[in-house]
């Protein structure tokens, strides 16, 4: 998938959706070719530039959790304001199997929604475990439901859906769901748990990793994990 | 017609044909897209780079008169040696009419041979006046004949064919030949004579001009004639 | 409703209908060609650099497209002051009705030659541009004056003294600190600065194992040098007050606006003539207008120097 | 029958299987990555430049593709000497069986810092490369040492004194006379010279009216700078005897041969990793072999410096 924008390009914000007290979705005016799992670099001139996964490419859509200075600044932007994007970068998810189980933790659910949409368009069955620490952190559940996915919610404190971490809940339900491919995006520990589970079950698995991104184009070495470049070889990787 | 080679590219000499005591034709290995009337810049590393019209583009062929240091050096090159070309440059001849009269003086006959070939391929009638100062300067007559052209030779001293300058001879025969378009390439005075003749007869005319070429790409201004660039707007121009 | 964007700029008290100036050495060889460029939409035109005596320049190859720009070592071929004065006089006459000012570019091997050229040109051109930055005659003349602040200042002062018209000094990017040189020529009396001249480079042909330019080393222009030019304009306009003509790699209205955002007052156009033909001038001006309308700017004064904001 | 072309070269007495060296700052952040580059076909690899203390570098954007090359102002982000020593030790171990030498790039704000780095690295790497030419930390550290012959010589002498291994000094193209600086560092004891570091430039976004790099000014690399690099290598190798690593815009076997024709002994590869991936190394080596066979060269010694012939 070639990069559409090598330099940051302006995109007007069409709509801002509050997903939770600390997560907002930014629907932008405009579109470009991209695959689920690919990411963009979002530039706020005078502030910084950070990586975010695409939740949709038409219209271009990002779902952003407020976790620090940059995302806080971003959360202040309103419809009509401009965001600058370059990308898309990296290798996304590959569709495989007829029944996909997606496991997302935190804002990691965001790229999985894009994946679910593509999978449903192709007539595949999709189950998704949305992991969160507590009920008010659960995001995008309605969107998955609207796509006709089987939605399972897992909160660590049990305040909504199943109690437990997303991979644990997924593993418990695995026999019932009986998927033929696993996909996960979320914190490192979660990815590791999913990887182990897939190994035990002999299921193909694709994981979306994170790392500190600078160039996003595979030259600076900032994002490397044991010789593997998250920005260029990833962020999605088969275990 | 886009430029195929922006930087000089090596072409091996396949064959050298002696056209006269001071004119040689260099048939090269290789071809590129070009139109009759377009020219190339021929580089001899360590010597100089000079403009020459294409006599053929497949295989690439040049016909060169020995007139000074560069062309003398070029005449020493043998089959197997390498010549460097960039181009093709400029606007060539446009085919018009059903019976073309070509008037060439000196090595100016060279690009007309390329034009004649294209015209004959399109089934058009072609008459050509080959002008030269004396019999031994007449070149390419056989080639035009081989294409099925009506060939008229004009030498200034009358040592071969008609006596007189090419445009004079052409004008005398104009009623008999009855062409519907004129084309000429040769010294400035000759072009001017053809232009006047065409004006008098109300015939369309295309003339190929020369001027001192440096860049060949329309930037240096070296080749300008009253604001008109021989290398880019020309070398062929409608009068 | 916003008004139609206004591209006009003032350079040393002289109004240009738009900021696009034909750069020296491109098509500036004859009056008709200069007029053609003006008709195509240039705001001002510059002649090929002229010396006291005629110069043949270097043998060919002298100008090449190497893929990301041009490289040239024409070697300042020009017909000399006498013939150039005739060209300038004719061009001036033809340009007057079009309202397009004429810049005469001069160069010499010694300070006195520069001064003599300026004196003899008198008030024939609207501006004199002092080319102390050509990288392609080093073998013959030594390093360009623009690589040494003291020499650059001395030439500037001599021309300023001799000239009847505003003096533009053209700087080289092939220096450690272009801002330092800029300040030196400003102090010496330059009315404006133009930058950049070409970037010193070399293109090699692997089949012959030789540099392709007859002069071996030449000057790079076109798209490849745009970021270098923008950086130079930014650095220069951070320290000088005189207006700066930003030159280098501008081939679109977007490029021209970038140059003005970097701090330029006007914009030189050279290699773009290769990429887009003489029509480049009108096209670039049109693109500037469209972009200004889209971005909500009415005048170039609003755009100038934006990149310097904190 | 000609023999299969031999790409091996000797650099300060150390044999490289081919002349292609991973340039500093590209992928040189970890042992596995360095090994991956070696496996992909590099003749030697260079680490990201390392300082005594860890450095966060500049905020993003730090690296961009502007169309004819890259521009970067990473600001020398690195984990500092302690962590880098571990990386180098591990990499060295893994590279040994591959026969691929390791170059450790160092930089500091003062001469003593350079010397301390060289002393502490001891004979851990096969070479030390002294980066006195990064254009992207000027606001913080002042002009790079490579822009002043006296300073460049002083750093060189200090590192030469402190180092157990051959010392390569990396030069900047952002100077008036790179050959002069090259001679100064050679006289001060440099065992080899590498050139060029990036060319100072700026990219501006017209929609925001701002330089895109957080650092505003950055270093240009990639195809746009190849002719500048070739010219620098030509100028340097005209006046020095030590081997030169030619770096700048090499993305193909043809480019690499041009660099050697300009006078380089080895060839640095940086931005090509963006254009062609890590596979660039093997591919470029293959292209060099094919071209050498076509042109009838058996060794790089036959190719070296061809462009200097009269």
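The first chain written gets the first letter, and so on, giving A, B, C and D; residue counts start at 1 in each chain.
Here is the rule we go by: a contact is a pair of C-beta atoms (placed from the backbone, for glycine too) under 8 Å apart; a residue touches a chain by one contact, two chains touch by 3 or more.
Since we're looking at a predicted model, the values are computed, not measured.
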| item | value |
| --- | --- |
| Inter-centroid spacing, chain C versus chain A (mean Cα positions, whole Å) | 51 |
| Between chain B and chain C, centroid-to-centroid distance (C-alpha), Å | 37 |
| Inter-chain centre distance, chain C versus chain D - centres from mean C-alpha coordinates, in Å | 34 |
| Centre-of-Cα separation between chain B and chain A, whole angstrom | 65 |
| Contacts with two or more other chains, residues of chain A listed in rising order | none |
| Contacts with 2+ other chains: residues of chain D | 66-67, 203, 207, 210 |
| Chain contact graph, described as a line, ring, star, complete graph or other shape | line |
| Contact pairs between chains, per stated definition | A-D, B-C, C-D |
| In the complex with chain B, residue positions of chain C that touch it | 25-33, 35-36, 48, 57, 59-67, 70, 72, 74, 77, 203, 205, 207-208, 210, 212, 214, 270-271, 273-274, 277 |
| Interface residues, chain A side, partner chain D - complex | 3, 6-8, 10, 41, 43, 45-46, 48-50, 82, 84, 86, 214-222, 224, 226-229, 232 |
| In the complex with chain D, residue positions of chain C that touch it | 66-69, 71, 143, 147, 174-177, 199-204, 206-207, 209-211, 216-217, 220, 223-225, 227-228, 230-231, 234, 254, 257-258, 261-262, 291, 295, 303, 306-307, 309 |
